[in-house]
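Dropping the structures in below, format is structure tokens.
Shared chain: chain A. Partners: chain B in the first complex, chain C in the second.
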Partner chain A sequence: MERIPILKMGQVLLVTIQIDLYDRLALSLESDLVQMVKKTSAKGVLIDISAVSIVDSFLGRIFGNIASMCKILDAETVVVGMQPAVAITLIELGLPLTGVHTALDVEKGMILLNSNIETDVDTTDDLNEDDNYAF
Partner chain B sequence: MVYDISKLLQKKKKSIIELWIKNQLSEAGLREDLISNEEIRQQSEELVDSLVNNLTQENITEVNSPDFDDVKDILSGISITRARQGFSPRETGAFIFGLKNALLELLQQEIKDDKESLYEATIKINRLLDSFSIVTFETFIKGREEVIIRQTDEITEISTPVIRVWDGILALPIIGTLDSARTQVVMENLLQEIVETGSSIAILDISGVPAVDSLIAQHLIKTVSATRLMGAECIISGIRPEIAQTIVHLGIDLSNIITKSTLASALKFSFQSLKLEVKRIPVKTAQ
Partner chain C sequence: MIITLFKVSMRIERDQDVVPFRNRVKEYAVKIKMGIVNQTKLITAASELVRNMLKYAKGGEALIEIVTQGRYNGVRLSFKDQGSGISDIDLAMKDGYSTEKSLGLGLPGAKRLVDDFNIISNVGHGTTVVVIKWANG
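Up next is the complex of A and B:
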């Protein structure tokens, strides 16, 4: 069976979907990705869907689900490179993918993820400092 | 005595043309601004030639005979050019009915003494020319419809320009009402342009939209959401106080959309989020 590769780049997992997804593949991607986030304790997930030209309500929901699941596992999801036709289809299907971050291309997605991760690190640092002051 | 109408017409071709052209030129609504006398003469000669050459004693009662295809082609050509030139239906009608009058006038002159033959010939010519008139009208209307379709296409093209105001900032001024079809065009153009230019901010200026109802608001929200899905930010600007009132009264929730009152303030906001700064250059005073 086909599998979509999940690449680890530092704190970020990179998924590039090079083929049109079908339901079973999308489901296996969902479970693989969640496993991988847990295993590598990644801080961010970047999904490149620039080659995906067809989506239906099921795939739209899968993207939303992946984002929510990763959020629970403390990883931000960014979907990048969505085709205009795909965006219009998702909107018409009533799936605006509200918990998902989006970016134009992988480069901008990475910048977005890194800034989010860095601010996370900063805030924890601040908290620690506060803790130190408190003691 | 049975008259052979086709032979008669062939013999009298010259005078038919003259009569017809005289009819056309004496017509009150002659459009000298749209068509010259030479052109009228040329078109008339061509049509009469083709009609007289293809007309026989047999096919005069069969208006659908393939013999008349040539005539109909010429008629359609004339009719379509006239539609594009902006002739009115009455003027185009007068053109073809002028031919009928010319033919009937000629028959009357030629078949003076035999009332019965004249009547028969008149009926036949009437039927034939009526069917030609129908062809003329059909093609005339088709020509006008083509003009209308082209204009509609042009309007949709013109009305949705996507402007690149800065590196990474697109603006889309919307003028006129937004219906579903136009929203589709606006959305497609905007998203396509975002992909092509790699812009991260799009400003949707609605100062030219006369009124916003819940449907238009829905369309706007759709466009904004689609832009967001692409990975760009969408700002709605140019919201007039009346529109703000209507939106709130209709209970439309725009709270998760960035809205600005003017294009200038939207641009300012875009500069801020792209971390750009516009500065005034200090003027050096003359010493």
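Up next is the complex of A and C:
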């Protein structure tokens, strides 16, 4: 069966969707991604949709699901490279993709994810220091 | 008066039929020089309607037509199924209403994306949805 490849780059999983997804492929991407997050302890997921010409309510819901599921597993999701026509259509359709981070391109998405991962590390450090003070 | 210049019909039976159908719609939208934003809106609406047909009526017939009215060219799509029909169309056209576990955006969303939207449903006999998107609408 056809599958969308998931690449691991440091703490981030990178997915580039190069074809128009049919339903079953989108659903298997969803479960593959969530399992990969667990397996690789990834802190971020970056989905590049620059080659996707259509995002309908089904695919929009899949992106929302992926973001919520990864969030529970402590990973942030960023969708990057959306075409302007797709953004216009999504809003008119009534699907604002709430809960999904977006960035203009892969590079900006990576910066966003890395800054999130770094702040996470910082806050943990702060907590540890507080602990030390208590003792 | 709307005149049909060209038509092609496709059977939609499985979810794998959705992408080829969308590609055909795109092909005809490109033929009449529809802009990229209108193309995207039309194909997204088509995708929503075809998905409805699969989900609620286990498939049906989709007709793609190139139509002309005066100086305007457009794409008309008709979706005809033999499903159980919709008993309350006003309710079905409401944002967020769904009898299945979905977002309930299909019908109202598709209506917002096209220039002309018509739905006829007979309970027990099926539903027909006809939409038009003009190339420069």
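In this section, the second predicted complex is superposed on the first by the 135 of 135 C-alpha atoms of A that agree within 3 Å, B and C clash if a C-alpha of one lies under 4 Å from a C-alpha of the other, contacts with A are read in each partner's own complex, and residues count from 1 in each chain.
Criterion: contacts are C-beta pairs under 8 Å (C-beta built on N, C-alpha and C of every residue); 3 or more make two chains touch, one makes a residue touch a chain.
Small disclaimer: the values here were computed from a predicted structure and weren't measured.
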Would you mind checking whether chain B and chain C clash or fit side by side on chain A after the superposition? fit
Have a look at where A:Tyr22 lands relative to chain B and chain C in the superposition and call it first, second, both or neither. second
So, does A:Asp105 touch the first partner chain B, the second partner chain C, both, or neither? first
Does the superposition put A:Ser53 against chain B (first), chain C (second), both, or neither? second
Given the touch rule stated above, what does A:Pro96 touch, chain B (first), chain C (second), both, or neither? first
Students often get this wrong, so check: with C-alpha centres, what angle lies at chain A between chain B and chain C, to the nearest 10 degrees? 40
I'd like to know which partner A:Thr77 touches here: chain B for first, chain C for second, both or neither. neither
Going by the contact rule set out at the top, does A:Ile88 touch chain B (first), chain C (second), both, or neither? both
Taking every C-alpha pair between chain B and chain C in the superposed model, the minimum, in Å, is 7
Shared contact residues on chain A, chain B side and chain C side combined as an intersection? 83-84, 86, 88, 92
In their shared complex, chain A is touched by residues of chain B numbered 184, 187-188, 191-192, 194-195, 198-200, 222, 225-232
Mind listing the chain A positions that touch chain C in their complex? 20-24, 53-58, 60-61, 83-86, 88-89, 92-95
Quick check on the complex: what are the chain A residues that touch chain B? 79-84, 86-88, 90-92, 96-97, 102-105, 108-109
Give every residue of chain C touching chain A within the complex, in rising order. 15-16, 18-19, 22-23, 26, 36-37, 39-41, 43-44, 47-48, 51, 95, 102-103, 105-106, 108-110, 112-113
